[in-house]
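Listed below are the structures to be examined.
Across the two complexes that follow, chain A remains constant while its partner is chain B and subsequently chain C.
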Partner chain A sequence: MYKRSKSRMLFMICNYVFLIALSIVCLLPMLNVLAVSFSSSGAVSAGQVNFWPVDFNLHSYAVVMKYGTFMHSLFNSAERLVLGSVLSLFICVLTAYPLSKENDKFPWRSIYAWIFVITILFNGGLIPSYLAVKQTGLLDTIWALVLPGAVNVFNVILVLNFFRGLPKELEESALMDGANHLTVLFRIYLPVSLPSLATVALLTMVFHWNSWFDGLIYMKSPEHYPLATYLQAVTIDANSLKNMKMQDPDTLKFVSDRTGRAAQIFLTALPILLVYPFLQKYFVKGLVLGSVKG
Partner chain B sequence: MHTSKKVIGSSGLALILAMVLVLSGCSDNEAQVNNEPKAQETAAGTAGTNAPAGQKDGKYDPPVEIVAAQLAESNWVYDSGDDINNNVWSRYFSDTLGIKVKLDWTAAKAEDYTNKLNVIIGSGDNLPDMFQVNSTQLQQLVEEGQLADLTEAFEQSAKPFTKELMNKDGGIGISSATFDGKLMALPNLAGTITNNDVLWLRSDWLKKLGLAEPASIGDLEAIADAFVNKDPDGNGKKDSYGLGIAQGPVMTGGDVADLGGWFAGFKAYPGMWVKGSDGKIVYGGIQPQVKEALLKLQELYKNGLIDKEWIVKDGGKLGEDIIGNKLGMWYGGNWNSLWPIDVSKNADLVNLKPYSIVSVDGSKPVVQAVNPTVNSYTVIRKGYEHPEAAVKLLNEFQEKMWGATSENAKFGANMNVTPVVSYFKYPLVQSWPTTKDIPDNLDAVEAALASGDSSKLNSEQIEAFNAIQAFKKGDIAKGYGTMRQFDAFAIIKKDNLPNQLKSEFYGAPTPTMVTKKSSLDKLEQEVFTKIIMNKGSGEDFDKFVADWNSLGGEQITKEVNDWKASH
Partner chain C sequence: MRYLRSFKEHTILHLMLLPAIILVLVYCYYPMAGIVIAFEKFSGFKGMLHSPWVGFDNFTYVFKMPEFLPVLRNTVWIAVMKMIGNLIVPILIALLLNEVVHTFIKKGVQTLIYLPHFLSWVILAGILKDILSPSSGVVNQVITFFGFNPVFFLGDNQWFRFVLVATDIWKEFGFNTIVYLAALTAINPSLYEAALMDGASRWKQTLNVTLPGILPIIILLGTLSLGNVLNAGFDQIFNLYTPATYSSGDVLDTLIYRIGIVDAQYSVSTAIGLFKSLISLFFISSSYYLAYRLANYRIF
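Let's turn to the complex of A and B:
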């Protein structure tokens, strides 16, 4: 396709150098946090730790594991992740299937589709959302974190486009053989849609794992916080010391406990880091596939 | 086909309409349902006794329950089995006062608490019976008429000791919580004199280089020059800095490596409202003395006496430089000896001592300004039937912390365990004596050290006493922080207590402050930073003054003067 000309080579080299530099820039902060979490707190406050642990030890991790609130939050996040992803995926598929049908099979299809799309462009805003959650009695329950975001229209459109890209003959032959729509959806469409489903699952999981503000607003006590909310509460910056009462040596100790916080940050990032490589091969494929064929 | 589509379409439309109707009906119902629990609560509160008052020896009988919201930070430590709902204070309140504080919600960080409360206030949701607010929220709730008037409750239920402590700041706190002559909140006071700067200096470096304690900015410059060029730590490398400044920069005192002390040496007070020559209040940050102070800093920077990377270093990062023998001089609060100085990481840091700050003309003492603004207030929602309960809680808190029957080991903090258990943080209603550290604790501990008699000290003072004794006996790691903090207290008492300047404005943010102040502060930081780093000149400062005035500063100044006229 391309000739391996000199300028082409030069371009490729520049490209690779740039991309490698970019990934190093992304990677170094993570490495630093990891190194800090494995180092002794003395070495950290003396500024000796860069990208390799000094005085290697696992003390911070042992402390974090014993620390009740962290484990509570870890459990809350896991619960949220499982409930949220399963529910979200299920609703997403159920919504996308009918909307992927042509207008003659599903009258007023585009109007229904638009009703969904409008929610991407406009949303209720913070206070109306809070009122809705409160008045439906979801406040301080795990459902307050799961239900408001259960229908993610962006994901619906992704799956919808993928469904539209599938050959019509698949559906027609099945209907001919007496299958109903549920059978078509679950027995035929889903098995062939794994790339797009994996993409949607990953997006949903990352969303649930990382969001923290809803936890703060909808939960009434820190024991109910998901991990991300908990984490932002413990990573205080030194500026908040200004309003501190003098007699507060434990806050001072807490601020200098950078190893402990690094351990918590790393433990929080770990699950998503582990999931990513397994789903990543579907990721790009799933995003592009629907749109190319659509 | 065509008609059937239409039928489905119109029925779909009908369905949507029906849903809208149902939903709107719902919200009406909800609103009604919403008001009911409140009514039930109030009924439940007084149910049981129809007798009025229902108090015996100052104790509620039957007990009353206050629904509250509270900040309970994630790093608070409890005795085993205890938590924020059940601890030494909550048991004490329920046993002696018959008051049970039931927490409807908590937040783990001050910023989170404010955000969450803002959502609740903004949504018109039910407020808790008792909660803490900042001055902006206080103003808003008072204007909306959502808060109970506490004037009578405070007058009748506050003990003499409480009234004394609440007025120790000269009435500033109470005045800031008073609207149209009515006390709408209990201010949570704290000492502000502790926000004065001292100059932290490596005395061993001074000695080694044959320098004396600085008496003026000129001396300080000479010391900075020697620290940079004469290798004070003797490692053969030119790797040390002169004067430390933390990122920001922070314009007011009581921080780590802030500029409050430096500015005060030029009689300049950014961040403060000061009296101008004509008696009107003016903003300290736009006065000509500020320009002088900034240009002097610029000179230091040009001569290499300030770390070129200072704009990216926060207090923690400076701590690394301090421990690594790179930084030996900065302006900071009295508590810098506890953090970021860490003597356990570098034994030589024992020679870091606080000194009096210096002025450009060598005059002494240097007058510093502090901001007397109250950070938080306890409020009671309008309609709650026992507003005096908040005052009673405050009575007991202050009595058990500092009164004649104080029991600090039980209610203050348990220092004998690691991590320290700070009981004093648990109660929602708090207010601290503004003279606690300086001069109260300082005088008491100094007297005890002189006489050797520690029997009159409260347990917070005993902790300090023990730490200082330990330091004197050679246990540096245990005693250094407290020892040097008390050295700093002594300096502040001598220099600042007799001639403390206070910012003239301590009310809630004025309307223009709410909309414009943050961008003005940002402008100030940008311009000052540029000038210090030699990217701007004195002319830039003059332009800043003009900009500041035209971008809302003039209006704010007018509002501040109006506020002052009515207070």
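Let's turn to the complex of A and C:
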């Protein structure tokens, strides 16, 4: 179709090389961490490890799982992820449905809509939010990580826009047949909105897995930290391994702070690395639904 | 009877909204009321209602703090550079990806470049600290291999801001590219055919068909990003900065954290937070208004 001129060919080659190099730049840091986590501490501190492990071993992983509170935090994160995602998704759907009605059918709609929009425009800031969590007695409980962020207005907008795109006849005929709104929502709307809900579910799960700041300020005892907060504490602390009180000298030959840290970084990133490529199709679809249609 | 039924229908709708409204009232609106402590000498024992009222004293204290102006300057500089980079780089990459004819390569590149978006700054900071380390990091091994002196990227105030901007663009460009690629596929192919008939080269087609085709979405994303003018990226900076780089990397959000949570000066921290929230309110509202006027964008 296009002229296959020499300059065009040259451009295509450069373009391919550039784009592939760019993707490698996005991947290499992860490979470096992986290589460090599998290498011996000696090889790492001698600077021999780039993107391939030297003296391949699994000691760093063994130490991380055996000592310290890594497994504790992993459990906290799993608990938070399940609780938070289920609750957020449920509330999101429940909120999006009434807001997707036309103004003449549900006159209160715009008042409610404003209540939610204002929270995008303005917030009380760090300390007042902290005090709200403290005064509702959530400090140091899993609910402090789940409840304050349970209503995500952007996700609500994404889902309500999807609901609006559904044919009106679906709802009208069901209501005519005597179904109430809850039935319409859960029996008719939900089954046909699975792609958009999968998007919201993915966004929420990634959000909960990655959140660390709320854990840092709302959790008093480190054994309540979710994984991301735990990792944050570990990467800031240069002597995290010493704090794990391990004695085995054989292990120390292979494991240093750097290899141990690399192992923990990789383990924390692993679930996301595994999940995100498979949900890409849903995800791109949902994202475009939400952002381009507006 | 008909009215009763319509009331019943509405009752269900109100009830459906109830959980979200309660959560928003407690965790968004109650903190909004909590900004009164910015005008008080707040003490935890006396509480919000009974702490002594000091008017604007906290604000005058904040504005006279020696670090306040530099911090504000850092915030705006870092945020604006990120806004510009995150707008331009994804457009370029989307245009380049659009030229790729092999679907396999296109999909592969796309999947890899938006990987960093899904990883948190905690993970990425851990990785960056490792590969940017002046003694053992991979990047500096490459630099010294070519005979240059190693650079302390995360410890040198001349470099730190640029590292912040560059790594943020690196994290987000792949993800931001998705929206442009979607807009590119929506361009009517007959426009390209017509341009080809008129003898337009691929470059001319890009200038006169492709770019105008995605201009609405560029304007939309550009105006929406205006609301971020004071969001320099707390997660990133908090996990990468050290006291040595406060002078180039300390921003409003990190200052609010240190004064509020570390020093427990609740009133002063809230005053800075309110200052930031009010300016952000202005920019976010303007950005939504502009997006509505320029691109007919409405959030609801």
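The criterion applied here is as follows: the second predicted complex is superposed on the first by the 249 of 294 C-alpha atoms of A that agree within 3 Å, B and C clash if a C-alpha of one lies under 4 Å from a C-alpha of the other, contacts with A are read in each partner's own complex, and residues count from 1 in each chain.
Rule of thumb we're sticking to: a residue touches a chain if its C-beta (ideal position, glycine included) is under 8 Å from a C-beta of that chain, and two chains touch if they have at least 3 such contacts.
Only a predicted model underlies this, so the values are computations on that prediction, with no experimental measurement involved.
*Asks:* Scan A:225 for contacts with chain B and chain C and give back first, second, both or neither.
*Replies:* Only chain B is touched by A:225; chain C is not.
*Asks:* Could you look at A:78 and tell me whether it touches chain B, chain C, both or neither (first, second, both, neither)?
*Replies:* neither
*Asks:* Between chain B (first) and chain C (second), which does A:108 come into contact with in this model arrangement: first, second, both, or neither?
*Replies:* both
*Asks:* Could you say whether A:42 touches chain B, chain C, both of them, or neither, answering first, second, both or neither?
*Replies:* A:42 contacts chain B only, not chain C.
*Asks:* Which partner does A:157 reach: the first (chain B), the second (chain C), both, or neither?
*Replies:* Touch partner of A:157: chain C, not chain B.
*Asks:* Once the shared chain is lined up, is A:69 touching chain B (first), chain C (second), both, or neither of them?
*Replies:* The first partner, chain B, only.
*Asks:* Once the structures are superposed on A, label A:142 by its partner contacts, choosing first (chain B), second (chain C), both or neither.
*Replies:* Neither partner.
*Asks:* Between chain B and chain C, which one contacts more residues of chain A in the superposed model?
*Replies:* C
*Asks:* Look at A:188 in the shared chain and tell me whether it touches chain B only, chain C only, both, or neither; answer first, second, both or neither.
*Replies:* neither
*Asks:* Going by the contact definition given at the top, which residues of chain A touch chain B in one complex and chain C in the other?
*Replies:* Common to the two interfaces on chain A: residues 45, 47, 108, 126-127, 130-131, 217, 232, 236, 258.
*Asks:* For the complex, give me every residue of chain B touching chain A.
*Replies:* 5, 8-9, 12, 27, 30, 34, 72-75, 77, 103-112, 115-116, 119-120, 122-123, 125, 190-191, 194, 250, 254-256, 314-317, 319-321, 323-324, 334-335, 338-340, 342, 344-346, 375, 413, 419-420, 422, 424, 432, 437, 460, 481, 485
*Asks:* Show which residues of chain A lie in contact with chain C when the two form their complex.
*Replies:* 1-2, 8, 11-12, 15-16, 18-20, 22-30, 32-33, 36, 44-45, 47, 50, 91, 94-95, 97-99, 101, 106, 108, 112-113, 115-117, 119-133, 136, 147-151, 156-157, 160, 175, 180-182, 185, 206, 209-213, 217, 228, 231-232, 235-236, 258, 261-262, 265, 268-269, 272-273, 276-277, 280, 284, 287-288, 291-292, 294
*Asks:* Tell me, which parts of chain C touch chain A in their complex?
*Replies:* Touching chain A: residues 9-10, 12-14, 16-17, 19-21, 23-24, 26-35, 37, 48, 93, 96-97, 99-100, 105, 108-109, 111-113, 115-116, 118-120, 122-131, 136, 138, 141, 170, 174, 178-179, 182-183, 196, 202, 217, 220, 234-235, 238-239, 256-257, 260-261, 266, 269-270, 273-274, 276-277, 280-281, 284-285, 296-300 of chain C.
*Asks:* Taking the touch rule as given, give the residues of chain A at its contact with chain B in the complex, in rising order.
*Replies:* 42, 45-47, 69, 107-108, 126-127, 130-131, 134-135, 140, 216-217, 220-222, 225, 230, 232-234, 236-243, 245-256, 258
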